[in-house]
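Okay, got some structures for you below.
What follows is subunit A paired twice: with subunit B in the first complex and subunit C in the second.
So, the complex of A and B:
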């Protein structure tokens, strides 16, 4: 008979290799839908790889795509570490984006040296607010944050449409539901001339490193991990669990808000209701692939961004639906979940049925 | 005020409410069945999409309406099985696995739809379920008028409320499902299979969700659209808590929700000139959160919800 046994220790290398194996497996599995769509599989993979690494422009597009995923991935990783299920990054992203256009389109016409920090801070605050509300509903009313954050995503998206048809609408926008453009001095500089990759990427990388240090080396990080690993033990040890979780909620929401800010003031320059093709939800996959490690989020975001950019160019060249990318991303999540199981448990085959196991 | 009262006593309003609530009834029952056995199924949003797409596609390919419902149920069961394997024997995080299933089911459905129908400007239509007229019931004054406007799928949803209630509370199987959601060790001590009961409940519940999704494309509309599920699955998860895991209350919750949704559409046409339409669109989601706030503390959670169980580990 087969029994599931806890692996008492699994090597670091083994744990480290799981996300990589998962990513590769999900890419291999993509051959099935490709065959279903009747595409030449070898050619499809080739076009995908060329679409990501074939030119400086392609790499720049991939990095541009990875930037918001680093922010939303960090948002999910920080929250999930403390077992706070923030599934609302999509909504918080839009709150941050709305904050950016509320401030950056002319209300404050000041030097960029002052304007940029104000936009970023306000965006973070709004994003944080988007997670503090469900957090308060959880502590006051016991309302599960999974459901409230999910529902808030829809509420915020409708609110966004209302704003884009109302106060935030561009009077010069020919009636389109979009915001006015961000002032020139309110835009983040791009990193390469004539390329879209912008300094939001640098902010994301720096934040990932800072968070890595804070989670592993600070008291705040210790409390966060303690709450995540065993909330009862943490409470027993005298850690203010609610206070700790509130801090995590603020941090997670602010990171998601920053994703929206960076997309608006780094890339688009204005806000529409289709700013994010699900960056908030994809961030969860990024965080899981990263094993909830902030540094890992960088690698995972680069991988997922490559899948999206590669699938896009493959789709254009070969007419296979670009939903393939979403499919690969979903499969990579399921693969990494199974991989996580494999690293923690092992199946043992025993000859005779054991009556007791303890 | 008089206008609202007039709306509330009209048969057409309640007929619409019941119609809107039908996919939610399936969804809430499905989610309830999963959770009763101790497994939260956040795959529901994606399973709705999968049911809607696969049921519609089956009918479009000529399987007939009944065939479409069966295909949708099987699609739901398939994704339910994935979630069940990940969360029950493997004991992985139910939150993350559920979201994974939602992403997988949604993207697979969209991919298949796009591949089957590459370049269509307007989605092709099928001949959907028509309202059925049952002679004796249509003679009842108020109720007959409401039920006369419903399709077979709404009747099936109401029937399922009874069946789920009956199975859960009146059969040994149902008692075992409830026990496995409250105290799996006690079920194991009885010599019953914890894994079997949980996997079975999740698969059956997910099949119900799939059928609920099919209602959207085979009864409410006659075509498949991207984004047509639009959070209905998450609303169901909230309604299960509101219903405190009871099938009767789940029906009540779903119909109240449907009534509120129907009311906001009618109010929108009445006062739409003064209030932005989005306020009304937001209302159902806000209502779900309020329902959660009211009910969450009092709710009678299955004790072992979210807790994985391994054989031989106490």
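So, the complex of A and C:
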């Protein structure tokens, strides 16, 4: 017979190892669909690893892919720590991206030293705005933010298409629904010559460290954690719950907006409606894999980016579908959720005792 | 009571990690007997009963129970279903009833097979009527449980157990939610049932009840059985000593002249949808050097009153006055700033953040203070030394100040909350059910602290269901019933008991 018992305490090591084990297990489980696709499994894994770590260029591609995931992962992690379920990072990302092209394509033709901070700030503001609206609906009407943020994604995406066909459309773009290019001085510098990896990565890493410190060490972070862990006790203790949540919402939205800014002014240089292949949603997985720790987000984003980049090169070399990457990412999330359950409860197997009559 | 055993627990042991919850506990229960199981919180009473009922699997030991043909038989351990079919019934402190179903449905639910197409309602009704007649547990079967009083709900719980042919009934602190009068009725009913052959294990903190009501007493301490005696040979002093290991000091209350008013409610009303959250035209004043006791059966507006004074709710009408000035904007922050210490009723919900550390929980209300924060950052060093100091002076025992607060036991959680409240030297203290669920040692510590604060000039509003506690501590007593407060002229136990039940005098 199997029984579920509460684990009284779970060790630090145990908590630490769950995401790692989950990541490995999800990769191993990927062998099953690979086998169904008829690929040589050993070769497939080899190609995958080579595709990520085989050369400086491969690593740089992986880092390029990880950059937006760090931002959206942080956006989700900060919000989820306060039990504010921001599912709208995808939409906020596009708000940030729109802000970047609205400012960076020629409206302000000034020195990059001034232009870059203005673009970034404006992008953050727009992203934050995209989270403030659901927050206001939540505090005013009690509307569930899961629903409002999720639905806002679609509204924003349609708004984006409208803007790309209208005011933001590149007059020189031969009719394609895309924005004009960002001015040269409005672009973030790349980190390596002839590689795509850009300084958005540095911004992301620094922000993760700052957030780690703020969440654990600051009064702001203390309130955020208290609100997230027990909103009733926090309110009872005189912590301004709505104010704290608003702060978290702004922070989360701004981070998601920054993901969009960084993609536009670091990588693409212009905006199209397919800027993000779901970075906002993948950020949720990143945050969960990271155990909602900002530093952990870095590691989780690197892992997920590796899976995507590796699966891409595997699909090119072996002819299997690159959807495999989505499968691995999804499985890793499921493994982490199961791991979280295992860390809080334990299963004990007991033998049935024979009934004896005396 | 006969000499025939119905149940026998033999050398039961249970460990949780490194904590020994039960160590080699054996006890026998005889047919028609009321056995009191006494012990402080954490003494292992609940664990023992949970093993009996199959919720926990003992590490060691066995349980024997008589079968239908009166032979002792081993009970399959760790299976509630086996315990129920062997005739063990349990009435938990927190009821397990479905409020939207009728009494009849609640009693019969889960007895028949899930796949049975129809149940024999007539037969069931007859069986219940029969049980009601023999036990005197009268309830209207067609009434939805949601409309019943607490006492009636408890009767439904007992009926539920009896309907499943319970021969052993475990009552876990059954009087905690009852008025004195309701409790007397319960005792009469239980007596009638034991005359009929039922055996009862009765868990309680209230020594007076145990002495009046039971035949035999078993005392647990630190998971071990430390005493067993016939009730007629026991007295309050000796049992208390056995429970805590040494005799507890009962704090002496000295008379002090009261000072200026600190907190007043003036004609405060809350509309509320039921008697639970309604307040009707309430006025009260708490003075310096005064403990104002509010007696009442829980669910008569106490929680709403406490939420109002905690700043969690705003009155629909009337005013809250602190000192001489009316509070315009009532919220918890204002209340914390004004120096009102609050010991919340539900400490797990409102009192602590379980997944934050003990140190963080201690400073939860002091975030804006200079020694806690430096430029918006937590001053870890100073916080840790404050927490260490408070934990030792308030005797908070547990895995240390960096452990999560949820790992502390109930009594230690309360001590941690006391440390938070009293370390801020509050002028006004709202103590809502401050000793509920605490063992005698922890409870007398709470009472000592409250009396000490009173001596030092604080005004205390004490809300409690424990009438003995109210009478022991209070300078004045108000009784609350259905949201109406009534002042008591002379502190007469009988009279207060009647008023708690809603009888106007």
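Note that in this section the second predicted complex is superposed on the first by the 345 of 358 C-alpha atoms of A that agree within 3 Å, B and C clash if a C-alpha of one lies under 4 Å from a C-alpha of the other, contacts with A are read in each partner's own complex, and residues count from 1 in each chain.
Here, a contact is a pair of C-beta atoms (placed from the backbone, for glycine too) under 8 Å apart; a residue touches a chain by one contact, two chains touch by 3 or more.
Keep in mind it's a predicted model, so treat the numbers as computed, not measured.
When the two complexes are overlaid on their common chain A, residue A:321 makes contact with subunit B while staying clear of subunit C. By the touch criterion defined above, A:223 reaches subunit C but does not reach subunit B.
In the superposed model, A:161 lies in contact with subunit B only, and not with subunit C. Contacts of A:249 after superposition: neither subunit B nor subunit C is touched. Judged by the touch definition given at the top, the superposed model places A:301 against neither subunit B nor subunit C. When both complexes are overlaid on chain A, the residue A:240 reaches subunit C alone and has no touch with subunit B. Of the two partners subunit B and subunit C, it is B that touches the larger number of subunit A residues. Where the contact sets of subunit A with subunit B and with subunit C meet, they give residues 3, 356-358.
Put simply, subunit C touches subunit A in their complex at residues 16-17, 19, 57, 64, 71-74, 76-78, 310-312, 331-337, 342, 344, 349-356, 360, 364-365, 367, 373, 376-378, 380, 399, 407. Of all residues in subunit B, only 42, 82, 86, 89-93, 95-97, 99-101, 103-104, 106-108, 110-112, 114-115, 118, 230-231, 234-235, 237-238, 241, 276, 278-279, 281-282, 285-286, 288-289, 292-294, 296-297, 310-314 touch subunit A in the complex they form.
The touching residues of subunit A, when paired with subunit B in their complex, are 3-4, 33, 36-37, 80, 85, 87, 137, 141-144, 146-148, 150-155, 158-159, 161-162, 165-166, 281, 284-285, 288, 319-321, 323-324, 326-327, 329-331, 333-334, 337-338, 340-341, 354, 356-358. Here subunit A touches subunit C in the complex through residues 1, 3, 8-9, 217-220, 222-223, 225-226, 229-230, 232-240, 348, 350, 352-353, 355-358, going by the rule given at the top.
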